[in-house]
């Protein structure tokens, strides 16, 4: 299963991202939960749909960042949100970056450049991907709730899932989602 | 479940690509088969890894094409290869293009430009995506066989899954996969 | 996997109908959705339970038609309802009939006689199977909603899923289902 | 979920046969194992394909028996083969018959007539269904082994799964399966 | 797959308890239902959490009983509650005990001592395990309902699932669960 | 979903261990992989079967340790083996211990005593649980390979999965497993 050719070896290993479930959904009882491969696809599609509406974004670069931002999880798994408070400061982030760099060694310089850009959020493309990472989370939550999932309400109450965004099209989608959620809960819940 | 905002509606509908199985694997007994979302992700990653090795490829455009090439399947499903011989010439292709265009109407001109480029294989980026679409298929077949799948041998015998490619890095990966397959079958099977 | 004996080859191929999901449910988030084999079973049971209440129905013939009406999907897959509007007129139907006939070639004349009867709805048995095909769809929708599925409401709004039936026992079950749906939505929704 | 109309209540309850796994496969590690609904479908298809080759078989009656022979399992579950040796003589059989009769009470006389015919194997149709029940088991075993299942060899060694059949077309399919199994194990295993 | 060493053979066979679904959930539409291995784990954890609050309980013995109480189901399967009324008096219980004893033969005397204690409910430890077997059922039902399951209401109406318990901490958890269920149904349902 | 009673809240949260897959299997293509709840059950059963053969072991204490050793994973997930090399020394271990203690706060002193014993491997019971944790891993690997899994060979090559054990019955099971693995690979592989 491990061909000598290193790029092929990498590509075969990455197929296993189909089998890494997004733990936040799994732990809240969603059957057949989204995989990390599926999440990454949807973040890339979201970036793709929004980037042309945002002045100054390099679409190609933003898509690269979206596609690779979770590749390291094929070696670390997808840690649920709750894991964050039990690790030493930055321990989880350092592990992800090391896994990312070792995994992508066959690609040389490209990997380290992408890792640095993702880590520092220096570029607008990296910040857009970060915002879309959260936004796709909430779009999926809304989708699952529409399908009947009952254990996901707490996602709406976590302010970190709805950060103020510097990008207006991102903010508009957040607002649309919030309205969707209020409508879903019925007229007695508050003003739309 | 159907917010009024059309972009949000589109994005929610696309989440269902997680639940469209790639039928070629399902029909040959692969449990938990790849979804169309996962396939699209891996084609994009493959394009991303190869594009810089191919002179004259616009990476951003190639990634766009890879990400969207199967979006229409959220309305049509993933038809297995065998379906091809039962439809009138071009009927399946026309249906896919119509579904793609209607689905992506909220994105206006972008969608029709991408659809035309994919349909006519006019650009090198579109041809690269088409080649990577097949190559990812065989990488997944190899992965599943490494995991124990027993019903996939016929994929190796279908010449259409190993077209000659104009792009040398694609051809090299095809060759590496063929060697992997011969090794897998043992020394008596032929010269490695 | 492909024994030379043609009937055995056919029977083995048909086992894969267990792995063809009914796409309408899958796309609306039902986990572990009904397979085409399961659907066909339930349509046959429905025909079996109703046929004796309908004068002039040949039960044996009706059961044959119910069992085979979707066999061709082992080569074409189960196209979701939405696919219908993207194909040329009749393209989907012609493909299904060709797949059916080629698949069942080992059975000779029997297959073409059944295909013709299903296509033309000439016999009361074929019309009963067609009505039960829809009726079983709505029984399954009701079952899934009872189990907690949240994405299936639109099935109730599609008039094509509740055609007037020439067969009174079919009509009675439709009416009972509609009452079930009103009751489910609570007293404020309208008169039961 | 329990409409007052008894036939509708029965039909809704029977949809749950999709969720009753055939335990013999599940216990031997087959993922996504066949459901009782799928098994019943395939037995009916097998009967349908063979009946016209057997003089004196009433196809309609044979199909009825095939479709209903395991309906009682929606109340009892599918007991694995090994369960047989732990129950008192006939206890399992009596339970299945009682469940069948109580479940199908809305159908009145039809149910008891079918139960008696199945229990006593008096008619050739009932004996054909019984033979096809075993034959479909082995066709599925062969299918799963072709797909890569590794835990099913013992089915071939159990003589009870290959009874001598009074029906020549059944016997021919048994023989074809045995040849398939020998071929699968390679040339050293014996004469094909 | 069957090593000669009998203890190893037993341990390998028991791994298959992961694939025995708890049928009560499966038949009511819960996707990815609890396995018998998972149920046994949770009963043991429940016993572990409560035992120190109950005077006179031998924790080690109680844990043993909790862990083994359903081992026989690897040979018999998990019969749904409804099965009970179709078997002769005690037939199901006798079968479970025989399966348990034959399965655990490699462990000699220990098995028969545990079987006798479980059967006769003579010890407080055996009665605690029996109470926790029911209590864990209702904790799981509450969990699944929180996750969106819609078909489980009847469990709350079955008095046998809420027996009066001689153990006060068990009774307190029952009461807490009942309050949870009333709260879940909203203020109009009755006094909390 | 969060009742006020803290013990009930804890017990409901722990039900989600059914949905935490053991990532080592998932990443190597095992469908429907073992959950952490199932793993913990099997470790406890293994401890239960071996403890009486080992002088000086307190069975009750050993069972407690086996049942709780992975409870913290309901907040952290199951990190695959490969994750180990990317985290700072001890970071993963510290996170697990913190999660364990916070999760089990409703149980007070009991939790910290168990955590300390597990962390320091001071007692023979803690060392037995640690050895059985590895041994159960390899029993499951053998089970999956018997069922047809193809991606697990590397587990046999990792010396850390077969540590020398101070407990003779553990060592005997290791040896039996190694013989099973040699037999499985056929006569040419070496002396059985």
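Observations on the model:
Labels for the chains are A, B, C, D, E and F, by order of writing; each one numbers its residues from 1.
FYI, contacts are C-beta pairs under 8 Å (C-beta built on N, C-alpha and C of every residue); 3 or more make two chains touch, one makes a residue touch a chain.
None of these values were measured; they are calculated from a predicted model.
Separation of chain C from chain F in touch steps, taking the shortest path, is 2. Considering the contact criterion stated above, the chains in touch with chain D and with chain E alike are C, F. Interface comparison, C-D versus A-E: the pair with the greater number of contacting C-beta pairs is C-D. The contact pattern of C-E recurs in D-F, the pair among D-F, D-E or C-D where over half of the contact pairs coincide by residue number.
Taking the mean Cα position of each chain as its centre, B sits at the greatest distance from chain E.
Rounded to a whole number, the gap between the C-alpha centres of chain B and chain C is 30 angstrom.
The mean-CA centres of chain E and chain F are about 22 angstrom from one another, to the nearest whole unit. Taking each chain's centre as the average of its CA atoms, chain B and chain F sit 39 Å apart. Listed for chain D are residues 1, 16, 19, 28-29, 31-32, 143, 146, 148-151, each touching two or more other chains.
For chain C in complex with chain A, the touching residues are 28-32, 148-151.
On chain A, the positions that touch chain C within their shared complex are 31-32, 143-150. Interface of chain D with chain C (complex): residues 1, 3, 5, 7-8, 10-12, 14-19, 32, 34-35, 37-38, 40-42, 44-46, 48-49, 52, 58-61, 63-64, 67-68, 71, 107, 110, 139-140, 142-143, 146, 172-173, 176-177, 179-180. Those residues of chain A lying in contact with chain F across their complex are 1, 16, 19-21, 23, 26-29, 72, 74-80, 82-83, 85-88, 91, 94-96, 98-99, 102, 150-151.
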